[in-house]
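The following pair of complexes shares a single chain, chain A, combined with chain B in the former and chain C in the latter.
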Partner chain A sequence: MKSGAGRTARILPAVLPPLISVLLAFIVGGLLLILLGYNPLEAYAMLFRGAFGSTNRICEILVKAAPLIILALGISIAFKSQIWNIGGDGQFTIGAIFSVWVALNVGLPPVLLAPLTFLAAFAGGAFWGGIAGLLKSRFNANEVITTLMLNYIAVYILGWLVLGPMMDPAGHGFPQTQLVGEALRMPILIAHTRLHGGIILALIMVVLIYFFWKTTLGFRIELVGKSVKVARYAGINVPRTMVLTMVISGGMAGIAGWCEVFGIHYRLLDHLAAGYGYLAIVVALLADLNPIGIIISAFFFSALMVGGATMERMAGIPFSLVDIIEGLVIIFVISRVIYTRWRGDRA
Partner chain B sequence: MLDQLFTAGFVISFLAGAVRMSVPILLPALGEIFTERAGILNLGLEGIMLVGSVCGFWGTYATGSLLVGLLAAVAAGILFSLVMAFLCITVRANQIIAGTAVTILGGGLSILIFRAVFGIRMLPPSVEIFHPLHIPLLSKIPLLGPILFQQNLMVYLTWALMIVSGIVLFKTTFGLKVRAVGEHPRAADSRGINVILIRYICVMIGGGFAGLGGAFLSIGFMNTFLDQMTGGRGFIAVAVVIFSRWNPYRAMGAALIFGCANALQLRLQALGFPIPHQFLLAFPYVLTILALISVSKRAEVPAAFTIPYTRGES
Partner chain C sequence: MTEYAVRMRKITKRFGALIANDHISLDLRWGSIHGLLGENGAGKTTLMNILYGLYHPDQGEIEVDGHPVRIDSPLQAMELDIGMVHQHFMLVRPFTVTENIVLGLPSARRPFLDLKAATRRIEELSAKYQLKIDPSARIWQLSVGEAQRVEILKNIYLDTRILILDEPTTVLTPQEIRELFEIMRLMKADGKSIILITHKLEEILAVTDEISVLRAGKLVGNTPTDRTTRNELTRMMVGRNVLFDFSRKRTRPGRAVLKARRVSALGDKGLPALREVSFEVRKGEILGVAGVAGNGQKELCQVLSGLRPVTSGRVFLGERDFTNRPPKEFIDNQMAYIPEDRQETGLVMEAGLTKNFIIKNFDRRPFSRRGFLNGPAVKKNAGQLIEEFNIKTVSGQARAKELSGGNQQKVVLAREISSKPKILIANQPTHGLDVGATEYVRQCLLDQRGEGVGVLLISADLDEIFQLSDRIAVIFKGEIMDIIDRPDAQLELVGRLMAGSREEGAA
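Moving on, here comes the complex of A and B:
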């Protein structure tokens, strides 16, 4: 009993601020809706029913949450090190490209080929993230700009591949590649839904990252984030750690790309990432970069997306309300400090 | 195919297109130069541009006056940039995170406003946009005339604003204060410069310019608002600012490079040219990364860039 109370006292301060941020975002979003002539109660009711109204919908939430969790874990690694990787979209895309290329071009039995596609996805994402890491450590090139530019470059590379060298010859000119072999696809967990093994993969990744922070490398990455100076005094090779951080962060995004391709599309399509990388930043921040928190946060935002699509269809309220709530959530999360500061001033 | 490329007609239409396409990048970049010179990185430009774009269109549609549209866009840009200013200056939040939030919020807000005002229609609502304005005499100069002086009013306005920005930044006390605040806020503060105020003003200047840049797309280039019609130009503007080493005149050159790539890919695609158009589109982004490498070595970054200012802490 006593330890239970102690646990509540520990968990509450961690859980309350994000909850309040979400609540405030919904309130401000609701006020905006009123201002623009919509009924917020109807909107939110539709949002909720759209997200949780049927098993199928809940499965869709998990389908969306899987790559989002993996991406957000990758983002959290970079952000903890104070490296602002906003290149999730690009790393996701390049990872997907590498893995599909391997799946379509390497002649191996599926038992060997499947893990190889997974490794290729990690390598692709790691390569794309590593470029930004290398440019930062070597030339002090701001990683915000480089990762951003690499996002656009990745999108164009994908666009070129699916309309050019990798285009499905039998695809009637659609911007897509051939399907990957059936044996390589992720198994469906519940029949007649799209729910695939990706969510299990995501949970495994959460456990891995949870323990990653307890390894020496995890500790080094965190220390570089806390203070480059201290890290240097501690004998850490800061530039190398930075590159490594971006390699791991990008590699995770690549795996998220693998999860999306081998779980849902089974092929490359144009504009595959579609802003997942940016959403993952929101997910990671709401969770305060905590791996367990990322699961909840990803589930929440996936539910918003699934519910938002229904809300637009059924009630005619634009899906962009979901984007507004996402933006507001971050704003309230980062504005929290001002409340503590005011309270500190008065004390 | 090559002879099609080297006709005077093609070159003129291509370069005139490049000049036009440089405007929605140059406008936000000019404002961002002020913002960054004062020490703040506004990654929310993309979102602010979108809000400006929809408000500019709405203002024009409602009143039938392009001028009202422009003013609405600037006002909306300034107002919305206050969110960014509050987060970066008062809250002292991480500017990259704040910028991401403002971009996501602005994207959603612009679409919501557009749907709320115009509903869903078979044909998108449209307005009469700025028409090309042939400047007497100048527009008759061979080659240069049609490229530079048969553009619309917003293009000329952009050039005027570039010159004004350069003068304000390098030749006035206000410009000096801005640069002082970005280089050494503590020293500026001890000289009686209100660091917080200057930073707020600079973010708002950036917001006004971004709003104008957004409006160029909806009422100076196309004649309607489209979801996410900025297509990353806000981010490109940030890159252009760094590329140009925080100088309004060089920013124009940088914006023109992006404009050229954009105009060229449209035309080469139309001609069925064998170089994949995606490569041409990707080229400016590659160039930005290369430029960043060369700039980084010279370290001309404002010294207090992205660092929040607190009085009293040492």
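Moving on, here comes the complex of A and C:
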């Protein structure tokens, strides 16, 4: 049996670096606030109260965390395989489009239609991620570039759809589709809040990913990430594994899109993804791609966003502070990775 | 000026238990090109890194131009006019040639750079030594050969009088090699001294004045170039000291398990690496492939295991044609393969042993159960292999990179042999291992032969080839020169074939 002390000794080295990264980000952010003539302690107190000041706000945090967790899990799969999927936004968007199209156009009873929308979302994201995977494996096209470009294509497709073929005819010209049927929507967990079942879905996904890494497919993806050369030698079809990795990673992003549409908006809107895909990268990196870590770091960034919005309204401190802290967290996380790699090289 | 540019006396350098340089002495004359010949791991680069101040010798003295010196850093080496061009270029890719050359040098117009004057001088020197370098070109725009000439130009610019070139030709095309030699001759005519590190015989014979041969950390010969032959050099390089005696049970080889029929393939640079290679490996025999490293051995193994496409010819496992089939099918048909680079190809250095043991069969029972890895079975497998192959490790969780070279090779060996192969390809299986591990690996190969496995042993070590093989094939420039039965094989003949000559008695 593992002793409690032994477990602490293992967890601490894993938890400490991200905590320090966050702390440093807040300290540097505080210095910036002083330079701009704000009281940093006051600002941070406002940020905290803004995030946790009421049930409603805590619920908002969870609402934001749900798609972030699912997206970050998807991204962690690609990153573990050393495939830099920057296309969370695009895959999220296409997943949402597929699922809403199915919801609005397929005539089936809700019991069958609801799971079908879910599958459509996965398929949409998987399709979009798969394109980048295919381009990488076939033509050695850099996935950072392709996924980024596919993001723009997805956003413009969405913009065209909600202003064109899929626009709500009774919507007074708003760039949005009709609402999906009420029976298809995710249940609200706490009355008078927007907290929907998405957070539970996200937690289920965490469990699934945990088991995913124990499958032979997970092992294969990990092996390709560790060394393409060894993987080829071990008889693994590396190109096919890369495509599959992007299909799964994109599919997860699609599910995040489903979660956002069927949990909150109930329809497609212009600019639906709103940068979630990029934030999810930070979430995944801060968590060092660990599923449990992803829950915590998604919660942290969601709280930052909710608190930042309140802080701006109440204290007049610009929301950009939140962006700055996000940026600083990235810098510190990456600095640490580079530092350890540098030390590893010298050792 | 004295007669000698550099005299190294009884240089000894140890890395842990390994003696990389064992009392090596070397004299470099002014205005001469000195070849330092030896196989990979013979200690050539270590010796030169000592001269360049990157390593400090445990014993021995160095004299430069008659003065005893202590060289603790490359900076001190540069002050003594010693320069070195490494295998991996030390150039800043986004910078221009001029910027790279003046990098770190004092400028006449301090604190500003004097790029104009530098450019003019670089142009002059480039013309003088026929380097054909445009000073304003950026490094990333240059070919490998041009980048190398920039490194040489940098040394000329610094007034280097003693230049060390570490395997400069491995990255060059034949045309570029000829140009490099021309540059070296021009430098020699200028009174400079050059040490050329290489394991290629023709090059050393073409351009040097004097040759020193290293083998396993020891100086085994020193001779003026015009008084030696390829055969003699080959013999010195690969040596002939029987380390161990193995009792070889007589076996009767069975049917062919692996056949190559007029196989040709291209190397990484798109040039022909294998030319119409034909042979067969039979059940219960060891076919040894002798050859100096870099003559197509790696490509041969890759072709035979599905990792490199065949441009013409056929590969058979048993009677079935496997030409250009994916690696997975070779593995599934009981081919085991010990690659030449265990740290790059054979093992995931960052992963634990437990995982490294199953990289080829994780998707088969008992390791895979309904798509999931069977944790207990995987762990049990690791425990068994660690015990059976006597692998020195703290646990199965230890990462491969934490093991010694010998134990890393045992991990590869354990994985490959435990797959119960019918065919075993071993490429340089004892390269870089100490005596004990070498003996262990060789015994393993013999045991496999005894159990009826068809073994293809590729080695640049003639001792190994002669000790283990039932038949010996010799590869030279991607061609099989001949295949000889072990009892008929004489060292001289094999050495001659390794050096590329087929005629009886030819030098």
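The rule is simple: the second predicted complex is superposed on the first by the 334 of 347 C-alpha atoms of A that agree within 3 Å, B and C clash if a C-alpha of one lies under 4 Å from a C-alpha of the other, contacts with A are read in each partner's own complex, and residues count from 1 in each chain.
Basically, a contact is a pair of C-beta atoms (placed from the backbone, for glycine too) under 8 Å apart; a residue touches a chain by one contact, two chains touch by 3 or more.
Just so we're clear, the structure is a prediction, and the values are computed from it rather than from any experiment.
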Chain C versus chain B on the shared chain A, clash or fit after superposition: clash
Touch count on chain A, higher of chain B and chain C: B
Touched partner set for A:Ile281, first chain B, second chain C, both or neither: first
Contacts of A:Ala234 with chain B and chain C, given as first, second, both or neither: second
Partner chain in contact with A:Asn105 - chain B first, chain C second, else both or neither: neither
Intersection of the chain A residues that touch chain B with those that touch chain C: none
Partner chain A, residues of chain B touching it in the complex: 41, 43, 47, 83, 87, 90-94, 96-98, 100-113, 115-116, 120, 227, 232, 235, 238-239, 242, 276, 278-279, 281-282, 285-286, 288-289, 292-293, 296-297, 299
Residue numbers on chain C that touch chain A, as the complex places them: 305, 307, 326-328, 330-332, 337, 339, 344-351, 355, 358-360, 362-363, 367-368, 371-373, 375
For the chain A and chain B complex, residues of the former touching the latter: 32, 36-38, 84, 86, 135, 139-142, 144-146, 148-150, 152-153, 156-157, 159-160, 163-164, 278, 281-282, 285, 316, 318, 320-328, 330-331, 334-335, 337-338
List of chain A residues in touch with chain C within their complex: 211, 214-217, 219-220, 223, 226-227, 229-237
